[in-house]
Amino acid sequence: MSKRSDIAADEGRLLVQGPDRPGIVATVSAVLRDVGANIVALDQHSTDPEGGRFYQRTVFHLPHLSSMAAQLESRCAERIGADLGMEWQLVESHRPKRVALLASKGDHCLLDLLWRQRRGELPMTVPMVISNHADLAEDVRQFAVPYFHIPVTADTKGDAEARQLELLRGNVDLVVLARYMQILSPAFLRQVGVPVINIHHSFLPAFIGAAPYERAKERGVKLVGATAHYVTEDLDMGPIIEQDVVRVAHDDSVSELRRLGADVERQVLSRAVLWHCEDRIMRHGSTTVVF
Amino acid sequence: MSKRSDIAADEGRLLVQGPDRPGIVATVSAVLRDVGANIVALDQHSTDPEGGRFYQRTVFHLPHLSSMAAQLESRCAERIGADLGMEWQLVESHRPKRVALLASKGDHCLLDLLWRQRRGELPMTVPMVISNHADLAEDVRQFAVPYFHIPVTADTKGDAEARQLELLRGNVDLVVLARYMQILSPAFLRQVGVPVINIHHSFLPAFIGAAPYERAKERGVKLVGATAHYVTEDLDMGPIIEQDVVRVAHDDSVSELRRLGADVERQVLSRAVLWHCEDRIMRHGSTTVVF
Amino acid sequence: MSKRSDIAADEGRLLVQGPDRPGIVATVSAVLRDVGANIVALDQHSTDPEGGRFYQRTVFHLPHLSSMAAQLESRCAERIGADLGMEWQLVESHRPKRVALLASKGDHCLLDLLWRQRRGELPMTVPMVISNHADLAEDVRQFAVPYFHIPVTADTKGDAEARQLELLRGNVDLVVLARYMQILSPAFLRQVGVPVINIHHSFLPAFIGAAPYERAKERGVKLVGATAHYVTEDLDMGPIIEQDVVRVAHDDSVSELRRLGADVERQVLSRAVLWHCEDRIMRHGSTTVVF
Amino acid sequence: MSKRSDIAADEGRLLVQGPDRPGIVATVSAVLRDVGANIVALDQHSTDPEGGRFYQRTVFHLPHLSSMAAQLESRCAERIGADLGMEWQLVESHRPKRVALLASKGDHCLLDLLWRQRRGELPMTVPMVISNHADLAEDVRQFAVPYFHIPVTADTKGDAEARQLELLRGNVDLVVLARYMQILSPAFLRQVGVPVINIHHSFLPAFIGAAPYERAKERGVKLVGATAHYVTEDLDMGPIIEQDVVRVAHDDSVSELRRLGADVERQVLSRAVLWHCEDRIMRHGSTTVVF
């Protein structure tokens, strides 16, 4: 029914990025043609024709992809990696990403992702939900997803993160912070080994610190927004994936702002997760290219 | 043709605000009924039923409004001002606001306002444009609007503002900064005697300081926005009137971001000016109520 | 936590509509003041000062509202109904509407409403879900809501509607068609005795008939939308409550259009239900006023 | 200052479309590499990997493009046209499109395009404006653009179109109907020899025929929109380029709907013209691909 189930077993994605130079597209397409692959979709972006950075996402169809993958990889390594000095990544489209969801007490982002996954809207599996609270266990288990409750206090944070890492290691391709209200330590981020996506509210102008909705109300803002980004050690400042806003008015109370903010948060987070799982996002430094 | 020309000669607006207490709506409507006015539209907002602030905008139809105005004013002064202790303001709708536009070199906000005024979309007259540059003189004069060129340098700022005040005093009901790239001094703001509306770009997250579009590009923002606000001595932090955003992507260059930003700036500013000229905005402290 | 739980036991809403004439606002506010009520919010709209239609929604605070309601009703009947000839309705805000949800196989609108109700975002109770399919029974019952499966075929439609009416009669204040894929008969609509809200997809241009997403794809539309409206005997043509759209592109497949359409459908329907439950919508003929 | 002036003299665009088959991207990129071109941006879309249609827009940088163009064209003709059986088109990016604007009395779309062109936002020249009315002559000539007044009546339509064709033939690459309120005859469309873009209002649901804003008001629509499309003999049904909507409410009068509709019309039309002039739009049958 959904687009996701339409993905043919023989569809692959090839991501290439690096310093721009002539002939990259020609080389990539020759590599694919030489193994018998047909290009289905291709997006390419250069930040600057002179000395810029090159990004390319290619979706291709290759009969018997699984058995051909090793051969294709060795050609990519030789002609794209060694000869051109570019970073590359090969993905079999039909393999869903394994995504761990981290949550606290708020359910809106978490349930939206689980529900979209169940509908077949997100090409991912959810091997586990980890929460520092027990509140959402029942809701999560109704989706037949394991729920691990790992409390976190200032004293136990190190131990808690160690337990989280133990559960995650080798089992997931992505961690999504679905309104997880703890700050992950730099050590955790270095060790987790997979990308981490976060969602947070955003305002014009920005309100840093506590009680942002109360302050937005005081300032009479007319828009409430959300930003999804990759988590780096630079808190809330990682590469932006997606942003959106919703219009608010003077007769919206603080709790109404919060409700509208929650709505835009789950929309923005679900788009960010979808695009990540479709390998549409290429990161470099503080920016993203979203094809 | 336009809505504006539909305004009947006998339509008035009554604005009331102050500490909330029982019976205000009843008193205001009784005052209007007693002089024979019929309420056409009424918007009311209380920030809190207990100890909050009360705002009301009432549009009414009163035969022979001009000759009745003095009588109505004296009743408002007695029953709304003296008895209830509320601030009030009475406006004859058909009288356009007299609006001075201040500009520099950028034409997008200025020409959009002049063009909308000419089409009859904005219930205002434009008695003058003042600019610290000569560039836009010809464009402005094609709208039959006087253009006063008052250069501003660090040394001459005091004198320049004195000349501006001389031109403005008594001649305008509103000053609009249509991308006027000079900061008005606190002394100017105290002496100008009419509200001042400004427009500036806005980003998620906010970029303070120089070259905001360049920094937005570096951070890979997905939305570019604009905020219209009343100018206070607290730079760019006055009460917000209107905000909006436009979606941008990784393949938009800095100049493309600037173009899209200019588009949203002129939209947002024209809405703010329209609403001000229709007396839809009520200010209190750092916030606005926009009916 | 939510706005809804903030509703004081003593808050009421008074809705008034009818042919416009001078003095209605004054009368309504005097009626409220005379019983000791304080107006918290007031929205008023007249389609035309001369011979137009008048609409007013007033939210008020009245100590001991429940015990005062009879007295207030009799005054409304006399002064608003009899004297002015206006329709009026008095509602105690803290009483949630009782809402029956009708669904078929699609879960997106149904689960979104149930989840928002559980979060306290919608001031309603859901005494029952009725479906012509069994598919969603388990999902619904997890919300502790009764699920009644009433199959409908061309032959059994009359009987099925009779059973539906039996379940609904006296038990609900509103029926919401949450992607219920059967057309309700004129007889059902006459007998159900409460408003019925429906949601359907909308396109620019409109596509009537079968397979609308396929046809939208063929025509290369750039927007996919949804419309929530009250159901009348004039199929899909009842008074519009809310509409919204989402942007689509050439690389969205038909199933992607359907997914994006489902997203906008549940947003639009939840807003329409919220506004109805807050008594913000006033109907007259083919239009609505949404305060 | 603007993006447009950034276009290097040596930038070209190569558009390719036709039945999908393996190896097209590889061939196109090899053709470009062989002449020494570097790909700057590449967008590609296939409607279906099996038996679908292939679209590709490639932006490239080729030193001394003008002198190399003939050589590149002959290679495209041989390897893309003859060998692969694809349609192709080669464009030198720095050459602005020559665009004729046709208007009647309404100025909003016309002036917005002229103003954007003057600001350098649109990579086009405007060799002429043709109108069936004289009203806008002065406004247009202030932009130093020739204005030709060709009245049209039922009797003179054939002659008028003949004069229009005489003015246009050989002088323009695109005709834009900027609220031109005459229907072009099938004969005109066959003879004009260049694409024609139109803008018209759009509603949910659609209102066919006279007085659409009045009917939208009667039905209480919540969105007012606009659609830009290529003109075909099938009136208002040509391939859609761009659509957008703006939110309206019950207190917007018919003239207010018209004003908001005019705003969205000029936004949508300017985007459509920009994308056409950047060769971002590929047409096939009733649809467009907009890269």
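Details
Order of writing sets the chain letters: A, B, C and D. Residues in each chain are counted from 1.
As a working rule, contacts are C-beta pairs under 8 Å (C-beta built on N, C-alpha and C of every residue); 3 or more make two chains touch, one makes a residue touch a chain.
Note that the coordinates shown come from a computational prediction; the quantities given were computed from them, not determined experimentally.
Chain centre most remote from that of chain C: D (centre = mean of CA atoms).
With rounding to the nearest 5, the Cα superposition of chain C on chain D corresponds to a rotation angle of 180 degrees. Chain centres here are Cα means. That of chain C falls 42 Å from that of chain D.
The mean-CA centres of chain A and chain C are about 36 angstrom from one another, to the nearest whole unit. Counting only residues that touch two or more partner chains, chain C has 41, 45, 251.
Looking at the complex, you find that chain C touches chain D at residues 45, 202-206, 218-223, 225, 227, 237, 239-245, 249-251, 286-290.
Of all the residues in chain D, the ones that touch chain B in their complex are 1-3, 6, 41, 107-108, 111, 115, 119, 121, 142, 251, 253, 255-256, 259, 263, 267.
The residues of chain C lying in touch with chain B in their complex are 8, 20-26, 29-30, 32-33, 36-46, 49, 56, 61.
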